[in-house]
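In what follows, subunit A forms one complex with subunit B and a second complex with subunit C.
Let's turn to the complex of A and B:
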């Protein structure tokens, strides 16, 4: 029987899953992804974490618990930096240790460092370390790494050409009656159907086309983020703000929804930056939502509804003005 | 005579309005919800029927407020709309060209910004008591004043007292302190109004451009002290429309008129006031989401369900709730 590695469906899984899964498969290692978020899974995570943790981290612990007894290894990379001279939120760095110290009876954890901060560092180093858990054959690791990189590149291109990840692609109607809504938020929040309360599906069901930071090539997002008065060195938030700049300036985008997660430090200032800088005088409607563990669905639905009414209304006005 | 009914079921109050075909109000009813939305809606329908001339026909029904879906299935509403949209529609009909709507109810408050007749921004507060009417209610009852006496007394103030209004708890102790120092009641009341306005502006009014005409509505608009405090803080005239406390219902009635335009209404008749409705709920154990499903029954027959994330229960009735 082949070795089974468990990957929590949480945090940066949403960026890197094609690469991770391909890499392990090429090494002949089976992967098991935790089930989709449910109330029960989130509750388990909430019970096992300290109050200070942000919602996505608590949720990720729930996903770890879901895998714990079903796998030979847990894959919890210690992600320090995903781009040169930038960091990502320190909670990613601490995540493997937090898990180790709060959860008992864990299988062995693969927590190699992923750190591209310094010049000359490459993601290959990380995959090499991971590969060594399973094979001594460096050639095999290199091949797996190359394949995994290709898988990620392809995935990113797919996203840019409007295939939202996984199930989202198939959901909702493609008929958008011309309304485009940009959703700005952490991927592990906006693509998680449970904590986002199906926001993407709801928007699509009501006839809007949904755009996210992942529809934009990395280069565009970065370039836009340079317009900030000062460089943000948190990669994900930089991405969010960059995407917000871009979508605010795009005529075919009719509204922007900023989704913050409860307890997230970086979000509190990206929200402000988006409102103050990215808006840049534009009067495009923007809705700010915060998801937490006990948000009622009703409140969010009311806000989304009102927001869409407003966007449609404005659009009709604009159409009317254009035909005058 | 034909009328359009608007029903606004909120957590604190439930309001009904009947408008004529020209949009004028024929009758309006304001009631406490007291946690019993079904009974209150039924009672409201009875009262409404009694006060309308015999032979009056209902040509359309619209519902709004947090209990809009409930009221919608009970009455067979033609349109079920969120409270932001209905308030905006009502205000812009009553005060054409309105650019800012301040709305303070018993448990929530909101601000709606309109430009060129269209909602361009909004914010809602549903968590902080210091920004809502319940704050004034509490303080008034501490001073043994009815809320009706409050406004006129506050207007007698010469030098309003500065009261720390950040939080309802602090405000209360600050007010007791000021009372003991011997300030007179009108000055304290005016200070309370000013504190609530500051709070509102820091909370929902944050970074919103407030342009005239400004309309002030919701239950708290009955308090002349509040109108005065807003005018002082914003330095513009604040208009309190005649039906300030039923604006949501009025907007719903207006939407009902629009949506039934030459179509037959879905209204099930005033006799639903005598139907035997009951609402119940259960926790679904179909998957670890453990959704709390709400079920509305009429005469023992289930007529609507919501609250299930996967649609297992609501779809079974083919009444899927969608955002519109």
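Let's turn to the complex of A and C:
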């Protein structure tokens, strides 16, 4: 029987899953991904985390608990930095330790540092460390690494050409006559169907085309983010702000939804900056939603409906004005 | 140009000394109060951490006193403090305050950025004078810390209630009055003499508690609701893990001044539980708790503002440290909703627990270890 590695379906899984899964498969290691988020899974996470932690971390702990008894290793990389002179967030730096010291009976944790903060650092170092858990053959690791990198690049290109990840892809029917709504939020919030309460699907069902930060190539996002008074040192939030600025200035985007999770530190700042941009530098409507473990679905549905109504109404007004 | 800066405990003494020595016109905002908090909370993002809200309130109050330039420290993450200045400036701008913003931080591109900013504030004073000014600031910070440490000792032991508080006020006034680095040794001697003049009962039994956590809430008495004074009056000798002079020496002078307190040992200890720095003082919080346990303190209190990211990581790890080393740890989280009575109740209960633990013979001569520490006395409470 081959070794089984558990990957929680949470946090940066949503960015890196093609790379991680390919890498392990090439090493001949079986991967097990935790089940999709459910109420029970979130509840377990809530009970095992300090109250003050943010929703995504509580959720990630729930996913860890889901895997705990079913795998030989837990893959919880310490993602320090994914770009030079940038970080993700302090909780990502401490996540493996938070898990280790709050949950008992864990299988061995693979918590190698993924760190591109310094000049000359490469993601290959990280994959080498991970590979060493399973093989002593460096050539095998290099081949697995190259294949995994190709998988990630392909995934990113797919995303830019309007295929949202996994389950969302199938439903993607681009209707160019409808309205375009940009959804700005952490990938592990907006792509998680449970905590985002199917927001993307709901928007699509009501005839809107959904755009996210992942539809934009990294260069565009970074260029837009340069408009900030100081470079943001959180990579994901830089993406969010850059994408928001880009969509604010785009003619064919009719409304922007900013999704923050309760207790998220960086969101509190970038949400503020995005909102001020919406108020001062643009006349596009913006909806700011905060999700937490208590959010009722009805509240979300009402807000989305009201927002879409307003966007449509505005658009009709604009069309009418143009024909006069 | 009238320069202002945010409050953080007694930091104003050291920056005022430094800037006035360099001939800069300084406006010190009124001490943080309920009003400051209300002003800040009204205009800040809801989930921003408390220091940002108080900073903002400070700036708004200082503006009414005629300040037109803000000097602030910055940083490069991952703690939110690194982006404070920019968010605060955006808010102030939208509210119509005309502030010039000068952020002193590690330069993004080239060292000339930082040099230019220093030259701007000091209005091209000679570098010799600037360095002397910085030295004056450091000496003041270090003197203030010494006074505070004396107060930790004498507060639970004072014979006349309130004597320490009066002495601290007088001693700080001496330090504030010194205008040049040359006057500082005399001022320090005078301040310490006042502190030594407090009559104490050396043999009174006291409980010892270490305070760890986020730097702003530890240093700013308004933010922590004067926890040091409250504990002192309950007969507790406190020790704070972070002092201003230590922070200046570690971060600005890169540990240039030897034989001073440093956060290095705490960082090294903390690595046993937390494999990487997490920004802010998260790693130091874990490490200091271990150090306090080793030094035989009776308990540790962790202080943090609501939603503080690095401290939440530390908070998740502290229960494990507490049970491994047999030291009770309590976490107190403060924000604009915190009330005095809630704080006092928790502190009293915690001190009672520590006193009881100290009076129980089999616990008194305990060795630190899991076996020696009965589960029911572990005493991890969270606020």
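Quick note on the criterion: the second predicted complex is superposed on the first by the 314 of 324 C-alpha atoms of A that agree within 3 Å, B and C clash if a C-alpha of one lies under 4 Å from a C-alpha of the other, contacts with A are read in each partner's own complex, and residues count from 1 in each chain.
The criterion applied here is as follows: contacts are C-beta pairs under 8 Å (C-beta built on N, C-alpha and C of every residue); 3 or more make two chains touch, one makes a residue touch a chain.
It should be emphasised that the depicted structure is a prediction, and the values quoted were computed from it without experimental measurement.
J.: Please determine, from the superposition on subunit A, whether subunit B and subunit C clash or fit.
T.: fit
J.: Looking at the overlay, does A:233 come into contact with subunit B only (first), subunit C only (second), both, or neither?
T.: Touch status of A:233: second partner only.
J.: What is the contact status of A:51 with respect to subunit B (first) and subunit C (second): first, second, both, or neither?
T.: Only subunit C; A:51 stays clear of subunit B.
J.: Is A:89 touching the first partner subunit B, the second partner subunit C, both, or neither of them?
T.: second
J.: With both structures fitted on chain A, tell me whether subunit B or subunit C touches more of subunit A's residues.
T.: Result: the larger residue contact count on subunit A belongs to C.
J.: What is the contact status of A:133 with respect to subunit B (first) and subunit C (second): first, second, both, or neither?
T.: A:133 sits against neither subunit B nor subunit C.
J.: I'd like to know which partner A:268 touches here: subunit B for first, subunit C for second, both or neither.
T.: second
J.: Thinking of the overlay built on chain A, is A:101 touched by subunit B (first), by subunit C (second), by both, or by neither?
T.: It touches subunit C, and subunit B stays clear.
J.: After the superposition, pull out the minimum Cα separation from subunit B to subunit C in whole angstrom, please.
T.: Superposed model gives a least subunit B-subunit C C-alpha distance of 6 Å.
J.: Across the two complexes, what residues of subunit A are contacted by subunit B and by subunit C?
T.: Shared contact residues on subunit A (touching subunit B in one complex, subunit C in the other): 276.
J.: For subunit A, which residues count as touching subunit C in their complex?
T.: 49-53, 78, 80, 85-91, 93-98, 101-102, 111, 113, 228-234, 260, 262-269, 271-273, 276, 279-280
J.: Would you tell me which residues of subunit A are touching subunit B in their complex?
T.: My answer: residues 38-41, 194, 198, 202, 205-206, 275-276, 283, 285-286, 297-299, 301-306, 308-310, 313-314, 317.
J.: With touch defined as at the start, can you tell me which subunit B residues reach subunit A in the complex?
T.: That would be residues 66, 81-85, 115-122, 124, 126, 207, 287-291, 307, 309, 322-324 of subunit B.
J.: Mind listing the subunit C positions that touch subunit A in their complex?
T.: Touch list, subunit C to subunit A: 45-49, 74, 76-80, 82-83, 85-87, 89-91, 94, 103, 108, 273-280, 282, 306-310, 312-317, 319-320, 333, 382.
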